[in-house]
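Look for chain A in each of the two complexes below; its partner is chain B in the first and chain C in the second.
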Partner chain A sequence: MSYIKPKFIHPRSPKNKLGYSRQYYEGSLSTLCAGCGHDSISAAIVDACYEMAIEPHKVAKLSGIGCSSKTPAYFLNNSHGFNSVHGRMPSVATGANLANRDLIYLGVSGDGDSASIGFGQFAHAVRRNLNMTYIVMNNGCYGLTKGQDSATADHGSISKGGIPNTFEGIDMCALAIQLGATYVAQSFSGDKTQLVPLIKAAINHKGFSFINVMSPCVTFNNNAGSTKSYDYVREHNEALSSIDFVPVKEEITLEYEGEDLVELHDGTFLKLNKLNQNWDPKDKLSIISALQIAHDKNEILTGLLYIDNDSVELNELINTTEKPLNTLTEAELCPGVDVLEKLNQSLR
Partner chain B sequence: MKPTDVQNPEYYHKVVDCQYACPAHTPVPHYIRLIAEGKYTEAYMVNWESNVFPGILGRTCDRPCEPACRRGRVEEEPVAICRLKRVAADNKDDISQYIPAIPEQKNGKKIAIIGAGPAGLTVARDLAPLGYEIHIYDDQSKGGGMMRTQIPSFRLPDEVLDSEVNLILNMGIVTHFNQYVTSLKEILDKKYDAVFIASGAPKGKDLPDLPGRWDAKANVHVGIEWLANVTFEHINKIGRKVLVLGGGNTAMDCCRTSRRMGGEEVKVLVRSPFKTMKASPWEIEDAMHEDIPIFENHVPKSFVTENGKLKGMYFELVKAEYDANGKRTLVPTGEPDAFFEADDVIIAIGQDNRFEWIENNLGLEFDKWGLPVLDEKTLSSTVPGVFFGGDAAFGPKNVITAVAQGHQAAISVDLYCQGKDLNDRPQPHINLMSTKMGIHEWSYGNAINHDNRFVVPLADKKLTLSNLKKEVELGFDLQTAFKEAERCLNCDVQTVFTEDKCIECDACRDICPTKCINFTENEEVESDLRNKLIIPAINDSQDILVSDILKTGRVMVKDEDVCLHCGLCAERCPTAAWDMKKFIYKTAKAGASA
Partner chain C sequence: MLRLDDMTGINDFVVRFANVNGTGSASANTLFGKSIFRMGVPVSAKNIFPSNIQGLPTWYEVRVSEKGYLGRKDGIDLMVSVNPQSLKKDIESVKSGGYLIFDSTKSLPESHWRADIHFLGIPLMEICDREFSDPRQKQLLKNIMYVGALAKLLDIRLEVIEVLLSEQFKGKEKLVSLNMKALQLGSDYVEQNFNFPLPFRVEKRDLVKDAIMIDGNAATGLGAVYGGASVVSWYPITPSTSVISSFEKYAHKFRKDPVTGKNNFSIVQSEDELSAIGMAIGANWNGARAFTATSGPGLSLMNEFLGLAYYSEIPVVLVDVQRAGPSTGMPTRTQQSDLLMAAYASHGDTKHVFLIPSTPTECFEMMADCFDIAEQIQSPVLMLTDLDLGMNEHMTAPFKWNPDRKYNRGKVLSAEQLEEYKNWGRYQDDDGDGIPYRTLPGTHPSKGAYFTRGSSHDEKAAYSEDSPTYVRIMDRLVKKIKTATKMLPKPLCYNCEEKSDIGLIYFGTSNYAAEEAIDELKATGKNVNAMRLRGFPFVEEVAEFVDNHEVVYVVEQNRDAQMRTLLINELEVNPKKLKKVLNYDGTPITAHMIIDQIV
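Up next is the complex of A and B:
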């Protein structure tokens, strides 16, 4: 058999508001290992974009280098894409975002790309509150180079070679919260019911939306003793809440009463059914301590961790032009001598 | 829901829709792959073993497989299964080496077969290689039964019919042709070890009470008798204006034959609405292609004759009305009766069995419809050792049903002659074998052709209408046959799921082009489970495959309905919890052990 996907789809495939079926949001056939968590995350991105009826040409997908960074080829084939240098996706995203704030920026990265070679880049994109969704497909190892421990591998986690990791692992979520990310969530590639609404809310959030997704590497880090295997993540997964993404307020009915509603800036909602009462998604302190407690108990907190509704994103902060640069005409770019004179006067 | 029992061979059999729908359960995808590989002889033999008359059926079969074909559920039209069968038949090499040897030393049992049609010949073929001495009786001069007398040679050339019929007759069968059996008692008195009655349904229905019917009897014909007379050249022409009454395949054969016998204005008149006509859609299409209009909702009212010569017929105009139970009545519209001119009228409104030759003191019982009382499975009549098959068994059906019944009757005869229990029947031969060859390598091709169904080319109409024997359909050329064969989805390559290997990574669910794989909480009631799938499984005629409880407490549910058998679930499965396994299902034949 050749490695071919038939073009036929289910004759009763539903269509979204734009008239597209889910297939329209898919990408090429993945060349990652069979069973890779990353493929599930790609599928969750497809589900989210399809269900939100996003126009594919309004999306720019960006990535660096690594297994995770290959995935933009496997989703949203009809969107813009930029596969950048290792760890440098945040700079490219920043530049693109400043040049055109009309697009939805979807960055995909891995633990190597974001927590090692691109660690500095990552930090600055977060603190600038760049308006983008940043997904880390976190498998705790360098899958593309045969599974060495990565910077997010937990202390004591046993690799396929049988050796426990001697270093502390970086907690990407705690880091993002401390650096000023305005939307932070953690999830698991094997749990689409949680992941898809998180991605939808992240796309709708204005500002830096970070989702750290545990994404088992089936080939190099799915063994007993690993803290990033399918079995371990399932056993130690502690969801903070069950989550529903509610597109518009009108859809909120009485049955949602008693549950937490988190309003996003555009009037959409995340409906949270809180499972952990000692935590408030709007309270940084509560989540930082919750993360620390979970770390000590070997638990993986998942769900929405933190959100700041009053987020001011980078373009607003530095007052960039609202029109994409490529649509600015000569008249707007060279407003003439009078304007220049005024400007000069204002600086005297 | 409880996990699906895949140990029951019928589960996977049902997934192979075409094979399951075929009365003889011919392994369709298997022979289509052989055709794609250019192995026409092998493809022919797979057919021959199962349905005995591949060349004949490849031209004339009612094709129950095609409406069942899964391809028809994912796009417009099914695979042209029937015409691919013809490709195998037309392009095969010498098959003599594959034909079972007939033992010199007979087993001492003598069997009489009444009727040399498809059912009778099938019994002969199944039993002769086992050493039975077979005697076939038929009133015609050649074998073939209705395949010869009722199917015109422009659809089924004599050479094709003769070669497949003679293949069987040459198995040392004793033929008693030109011999109309007038008494079953006489046959029974000859001390055969078993008798198989496959006398068909040779009596065409008439309209004896329609006013004027007998005033113009020289020009009013009964369909199947008229076709037989054409076959044996007792009739060689018909009037210029011909009316054919009836909407079945016989009516289509009558009107098309009329066009070749001098009928210039041939019209078909049907009582019912066009869309409920009994004829196969392709036969209706072929008739219309030959400029034969079809008038629906016309109920024959009377024949009009003038000086003993037929002038035409009156028809009452009706419309179909359905009551709350869906029962149809044809209600007159009140418009004046329509008159149609005619030089000849052919009545093709159905056919009946003829059992006057069976004495009523033999203990052989008939039901209120005049059909023999039979055990549906063993085809045994109320007289031990007398079996029925084909149209004689349950009324007129089709060739492939007759063949399937022939196989079952042969098993019964064989068991009966050995003094065994008729209900202790041999089981089908089952095999389920992985097609995995290596990484990205499977022993079947999933690179299906996405083209629409290819059309079988026809010979020039001028040529076919002027020559009664000229075959209309030309058959696929080999290149087109290959492309058509590649449209097959390989539904016999099954998606087999092993729960305890699954790590629930979602890879299969994500890759599935038709989203038929689901991981979800189980439900008590099947309909609840069907409705909660990604795309609800609303086609209840198709099963869902439900796994045992998985690690997370969920179950895997796969809707078989539009699975493309592309194998991507297995390809993307890291633990081989999915495997693509080729399913072989061979119905048992006489002589197989129980």
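Up next is the complex of A and C:
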């Protein structure tokens, strides 16, 4: 496999509003297996950021450990990245966000990283409504250590070794909704049309945006009998909604009339086309029951599952000043000599 | 040999209070200690308490010392026992010829009597029942009543206590007069029933000067506010919790945006210690000064993250208020037993910088310094205190702050600097001091982005498993920590004017007992040179001190002589030269514990 990627950008390649080509949003060459679902998700992240004309240096991309956590090296080369320790990306992202609330935080994790070793950190980042986009590249197995079942592997799903999984699988979306995530979506790495707008809307959402992406492991979990193989996910994918992200108000034209438009906090819109009438994306109870029904029918619900537009994110919840804390100077941080002298006096 | 306790009893004695925890005794006992401090006499107070909220025995020990010795002292001159659970043991612990104050509402069992001590029975409960009506007040005022009795017995002026009470209950005159009544009742009972004052007692002095009284954790929290910490993540654990409460208190007072009233800081109580250190690292990576505070069990959990911060070169400040381990150990007892773990935390080859304050004043100063050092070296910096320093109030020098002080934010490149920097690499040693230049996210649209990782990387921060590259980076880290050593507070010498063959090394809260021991040894004709360590890795002076003495005693409060191990390991000195002087029973070390292991 080649480790060199051409840096040349064709002068006539299309540019976004900032004058950057799509290539400017790419990363280094992936070292994942050929055909890995994760690479498609990386490409969807690149598309979303390019199309939204995000300034790459205003993004911090963070991950834990595992195949999925390697991917931040494969997108957004002009962003700072942080490949932390296994299962601990949520805490690093929380600290980073507290230090500078003005950046876009994009976390990438896997099912081992978020549903097992980092289960606790995931849960608490969700309940604090940390303002970040959190993508789990979910393949139901441990790829880097050669294919052990993960905690999201479905009960009875057959691994490459031919053994059915003994235990219940964790439904990350249902979990995130229960824990108080304010944006929850599910998608499939092979469905870029659905995934790209979901990522855009997630980035735009203020609060914890969670996207669980079924991302088959071509090497260790793509066999017959696995419920996370390409074939299985394609056959059992039940789209709840199709979605379009409308970046600014002005772009809403007559063509959207009659559609279900969801207004976001900053005046942007989500155009939601509900394909299934049995749920309401603002109603927790209906989506939890829809997920349970789908589970019983061996279906994977995809699309935007839940959104709370009145979301209040962590920094607002704890009343932190609007100015990023990492820009505060001595004058704002140090109470000074006179205060100290008064304190001394009160301690005598 | 001559013991200090054979000398005059004026301003030189120990009072111990035996209480039940959760009965409000702490404020009465503190009031007693503070009143002596206000009379200008050096005093030190120590809480000896269980890992429990209500109902178990707790003790409070006050040492009064004309000479200013603030360490714990063996031998109890006066015991105030209001806890029937521990009464028998409490009576046994009084020094021969000493005194016991007890609640004589119920008579003392025959078996408890001792012929060699004085029993001063005061019917505390009976008087309280007669004089006060509210049940909770009865319990609280019973404590104030024995303070009144002590005041009479020890010649402490009631006016001094009255001033303290009116400061404490500012604006609540009713409470002041209620407390004064209880105080007077105790005092009157002594006046009518016993000989007073006792042979040992308090005499007004001017020895306290401008000293203040504060506990180490409060000073540490304040130091973090002054040091510019703006992100704090933490998980509750005794005895470190009050570091955070202190930061929170002072930050709410002094760190509000004057216009919006919003916080110029953020504090997050995390789900565990792993997360606490993770957040602090994330915030520091992003350019805010952040810290966490914990104790031994938390430090164990933080090991993995400390390795990441060391290897990916992220500053972070961590306070470890040490307690007795291993495992849960004795959570409310003191020890200095996390030294080895702190020095080499995490798997693989690592070495961490730590600072060791001895007093609350140093907690304040060193905590602020920790941020400057961490940001300069881009690596974890720990401050190791202990329960004795952290949770007990100490008489200490007033806090000072240089008005011209500027935070040293280390090598962080601005957008302009990035424009000019030729061939920047995140992990390049461009200055020859082992410290590279870092960049913060969001600084420059096209320059300075890099990938932070705990996996091996080259000078440009690219993933690399190339052996020579790995070795180069690992060797540079050694060089970097050497550079860091120069930034640490220097060790201090004590009694080094006259050269001796015997050396004594100590650190942290052993300071109090060690200096007293050295003075006492000197008074008996044994001269000992001493050095107080204040940081790790060791500076040159420590090696010289060891070289210059034939035998060096290393005083520490742990079982395995961990500082001695560090000295042997780091300075490669002959182990036979370093003698252990230890106390690891969970109580603060005393001068006599040291003397007994030297002589």
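Heads up, the rule we're going with is that the second predicted complex is superposed on the first by the 322 of 348 C-alpha atoms of A that agree within 3 Å, B and C clash if a C-alpha of one lies under 4 Å from a C-alpha of the other, contacts with A are read in each partner's own complex, and residues count from 1 in each chain.
Methods note: a residue touches a chain if its C-beta (ideal position, glycine included) is under 8 Å from a C-beta of that chain, and two chains touch if they have at least 3 such contacts.
Predicted model, so just to flag it, every value in this text is computed and none were measured.
J.: Is A:S189 touching anything from chain B or chain C once the two structures are fitted on A? First, second, both or neither.
T.: Touch status of A:S189: first partner only.
J.: Determine, under the contact definition given at the top, whether A:G37 touches first (chain B), second (chain C), both, or neither.
T.: Only chain B; A:G37 stays clear of chain C.
J.: Touching A:G81 in the superposition: chain B (first), chain C (second), both, neither?
T.: second
J.: Determine, under the contact definition given at the top, whether A:G161 touches first (chain B), second (chain C), both, or neither.
T.: The answer is neither, since A:G161 touches no partner chain.
J.: Is it chain B or chain C that touches the larger share of residues in chain A?
T.: Touching more of chain A: C.
J.: Which parts of chain A are in contact with chain B and also with chain C?
T.: No residue of chain A touches both chain B and chain C.
J.: In their shared complex, at which residues does chain A touch chain C?
T.: Going through chain A, the ones touching chain C are 55-60, 62, 72-73, 77-85, 88, 90-100, 102-103, 120-121, 123-124, 128, 314-315, 318-323, 325-326, 328, 330, 332-337, 339-340, 343-344, 347-348.
J.: If you look only at chain C, which of its residues touch chain A in the complex?
T.: 210-214, 222, 225-226, 228, 230-231, 233, 250, 254-255, 257, 260, 262-268, 270-272, 274-290, 304-305, 308, 398-401, 403, 405-407, 439-446, 449-455, 463
J.: Which positions of chain B touch chain A when the two form their complex?
T.: Against chain A, chain B makes touches at 73-75, 435, 440-442, 444-448, 450, 503-507, 509-511, 513-516, 535, 538, 551-552, 562, 564, 566-568, 571-575.
J.: Report the residues of chain A in contact with chain B in the complex, numbered from low to high.
T.: 1-14, 22-23, 29-30, 33-37, 39-40, 42-43, 189-190, 192, 216, 218, 222, 230-231, 234
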